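Shared chain: chain A. Partners: chain B in the first complex, chain C in the second.
Here is the complex of A and B:
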């Protein structure tokens, strides 16, 4: 038995891509499938550099379609498998991910957003929110965690495997190029030592016994002859998702109770918003902070509670309203005014958020 | 509680600005401070101006990049043009005095503009390879973000194995750092 990749706890100063690779190791991921694309390449680099010592595996495929399908295959064989991609790779991967939704295959995919549309920049954006939450020709039967710090990247990469295997929905860790490339401190730990038990995996195919005799046949479908058949299956899936959603939903908030205006953001942008809200509070502005951690499912109940008291929302994102669209759906019927600070494809600083709030509040 | 010190370092690829930022960030982290370092990166593998964004403070750092730096250091003519945008009224702007015909490109919205002869000192007194370490010394002196000793320790961790083989390298690096500090000592 190879030794555990992380023993005890250790504070390190590394890039986000290193964090993801180590988190996957700590989460007992057995194999990564991938195809290179900036800014996620170093996840593959660190993974492949580290795994010989720990008996894990890697397969580089010919493109992201293949990377997605092989990840599905790995999971069908009962492996805790994951992949990572970005931008145009995320587009290609939606087909295998739809298959994972169709067959309830718990694959984990790390997405590091870069600028779009198309090749655009390799640097950064929050423009893959729509694609990651609702991509595919289906109903978005998936879970998306949006990370803000390196600690989030570590924590939620581990958690993604457990969410996926517990509920059997494909699960995403949504980060971005800034997080991929920047260095900051993070505490690595062995999940077991923090009381985190990894959900056991099991093979979907190749189980022992004669199908139909010793055990029910495993019949995994992503195609149906009759529309009613599909409808019936989807009703079951949608009910499962609705039941799981309240258990999966996560958010972070402060100073919302007496706030006139609540700043809503996700991912790395929420770091700027957090600082801005703290600074504005010190200056006497009645502002609050809300950050959905799960973008799918949206923390609807918590959002509606905030919407009941706040008069205004300021939605801040490095995209032209991809988060705002999800929020509008979640808060439909609410009366709070929704104001925006959209900067598609570029970072947002706390100075800009402060200035925008002051512009609104006078 | 003070706000994080925001530093922009820019130069040509190969001048070593990313290493400077990384070593400073690691030195601060080693001392239990908060640090965040992010390089700019694009589709190009080489060529183009290399920019490093570094923040060091005592509270968790916010956005990885920022609009205005407390200190902006430009080490080539293109780096000067590229980093003007990060200069505000309170920014200390440092550039290398060896850059020619740059007067018109210098930022006009701050009075704290200093030219230091780092390239010259590296060539004539030390070795071109420690040019970036001279810059590191200058940054440390100008900002006080880390103690000189801590930066030396960080370099030791990074280059210790090379120093073991050739102790003169250690001497030269540490001397470069001291010289860098001297270059800015008389300015502010």
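Here is the complex of A and C:
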């Protein structure tokens, strides 16, 4: 048996894409299917360089449709399979993702957001939130983790496989080009040594026995003849999702209890917001910090608790209100005023957040 | 001596009679496939993938593990499976729209990569499920819902020669043939070879099956067979186009 990719713990200084590749190795991912698109390419680069030693596999496909559908095939064969994409690739990825949703196929997709719409920039944005949380012609029955640091990338890539296989909903790790390309310190570890048990995979097709004799044949479809048939299936899925949501939801928050204004952000932008809130607190401003880690499902209960006391929210994102839209839905009926700092396709600094809060507070 | 051959053993009796229109060719192609699976004794190894369009009606046709995919995406799903578990014998089953239009990039790429899967495209010269629109395989002059005055090659191109294309781009080891539901025994032979070729690990195995669609052709029994055996045969030549090991012979 090949040795474990990561023995014990080790502190490294690497790019986010390298982190994802190592996290997938550590999570015992068996096969990656991918198609080149910036800024996720180096996930494939690191994966393909490393895998011969660990007996893992890779297939470079003809496009992201194929990358997504081959990943679905790999999962149906019972493998811990994943893919990675960005921007226009994420658009194409929504087709296989909708099939994964329809058939409860636990595929994992890492998205490194780039500018949009269209080809836009290969650099950075938070403009794939709507697409990643609610893409496809369905009800958004997927899980989306938004990472802020390289440690998050490592932790949540591992976790994504377990969430996907435990609940059988397709799961995304949503990062961005900044996280993909920048280097920072991160601790790699063997999940087992941290007490993280990988949820076992299971083949949907090709199980032992003669189908129709020893076992029923697996007949999987995503097409229904009657509205009622579909409705019945969806009711079950939606109930499963609603039941799983409180177990999956994650957020990070501080200084919200007495805050007049709570800054809400996700992903890499939350790092600027964290700094800004800490700085503003030191200057005597009653501000708080809230960051949804899961964008789907949204940590609704925690948000509503904050909304019950805060008078104002400041939503900060590198998009024109894609996070804000999700927040409004989650907090519908709340009375807190929702203020914004939107910078679609560009980064946000802590100075800008501080300035915006001071502008609001006078 | 003509004897009505029994239902293939791997057919799922509970879903028979099947869901296809009267006179449809799918039942014949799936019979040939079923017989080939029986003869090779691989019912427990086959994973059958069907596409969108009429082919999806075969999602519970066999007592074999089956996955119904999206339009044109059956080749990549079966490819992904086979890459993840080489013990599976993967069959991707689709119509001409799925194979040559919306899924053509997947067919081309599966062929050039010599994926160890068996891909079967059923050619009935139009889109059946959606009500008879022009397909890549529609014959020149053929009337369809989107070529009501007949297909004009000048503006819509000529019928796709699928097996010829696959044979031209697939590396050595690939198997390519075109059969017809007018000769089920021969078609079964081609499909069997295509499965054996996958089992031997030689390469991509592709069979186009010329088929029937009286519903959308708006033909009676006689004219249905006439359209297949006279009109379609003019464009689509039945036979083997690529057989592993015979590369040199082909070049002569």
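By definition in this document, the second predicted complex is superposed on the first by the 359 of 362 C-alpha atoms of A that agree within 3 Å, B and C clash if a C-alpha of one lies under 4 Å from a C-alpha of the other, contacts with A are read in each partner's own complex, and residues count from 1 in each chain.
The criterion applied here is as follows: a residue touches a chain if its C-beta (ideal position, glycine included) is under 8 Å from a C-beta of that chain, and two chains touch if they have at least 3 such contacts.
Quick caveat: nothing in here was measured; it's all calculated off a predicted structure.
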Inset, instruction - State whether chain B and chain C clash or fit side by side on chain A once the two structures are superposed. - result: fit
Inset, instruction - Go through the superposed model and pick first if A:352 touches only chain B, second if only chain C, both, or neither. - result: first
Inset, instruction - Identify the partner contact of A:123: answer first if only chain B is touched, second if only chain C is, both if each is, neither if none is. - result: first
Inset, instruction - Please work out whether A:275 is in contact with chain B alone, chain C alone, both, or neither, and reply first, second, both or neither. - result: first
Legend entry - Touching partner for A:222 - first (chain B), second (chain C), both, neither: second
Inset, instruction - Would you check which partner chain A:340 touches, where first means chain B only, second means chain C only, and both and neither mean what they say? - result: neither
Inset, instruction - Could you figure out whether chain B or chain C reaches more residues of chain A? - result: C
Legend entry - Partner chain(s) touched by A:184 [first = chain B, second = chain C, both, neither]: first
Inset, instruction - Look at the superposition and give the distance in whole angstrom between the closest pair of CA atoms, one from chain B and one from chain C. - result: 26
Legend entry - Overlapping contact positions on chain A, where the chain C interface meets the chain B interface: none
Legend entry - Touch list for chain A against partner chain B, complex: 13, 38-39, 121-123, 149, 177-179, 181-185, 268-269, 271-272, 274-275, 347-352
Legend entry - chain B residues within the chain A interface of the complex: 22, 25-26, 29, 34-43, 60-68
Legend entry - chain A to chain C touching residues, read off their complex: 30-31, 33, 57, 59, 61-63, 65-66, 69-79, 81, 95-96, 99, 203-207, 209-213, 217-223
Inset, instruction - Write out the stretch or stretches of chain C touching chain A in their complex. - result: 10, 12, 43-45, 47, 52, 56, 59-60, 62-70, 73, 76-85, 87-88, 105-106, 108-109
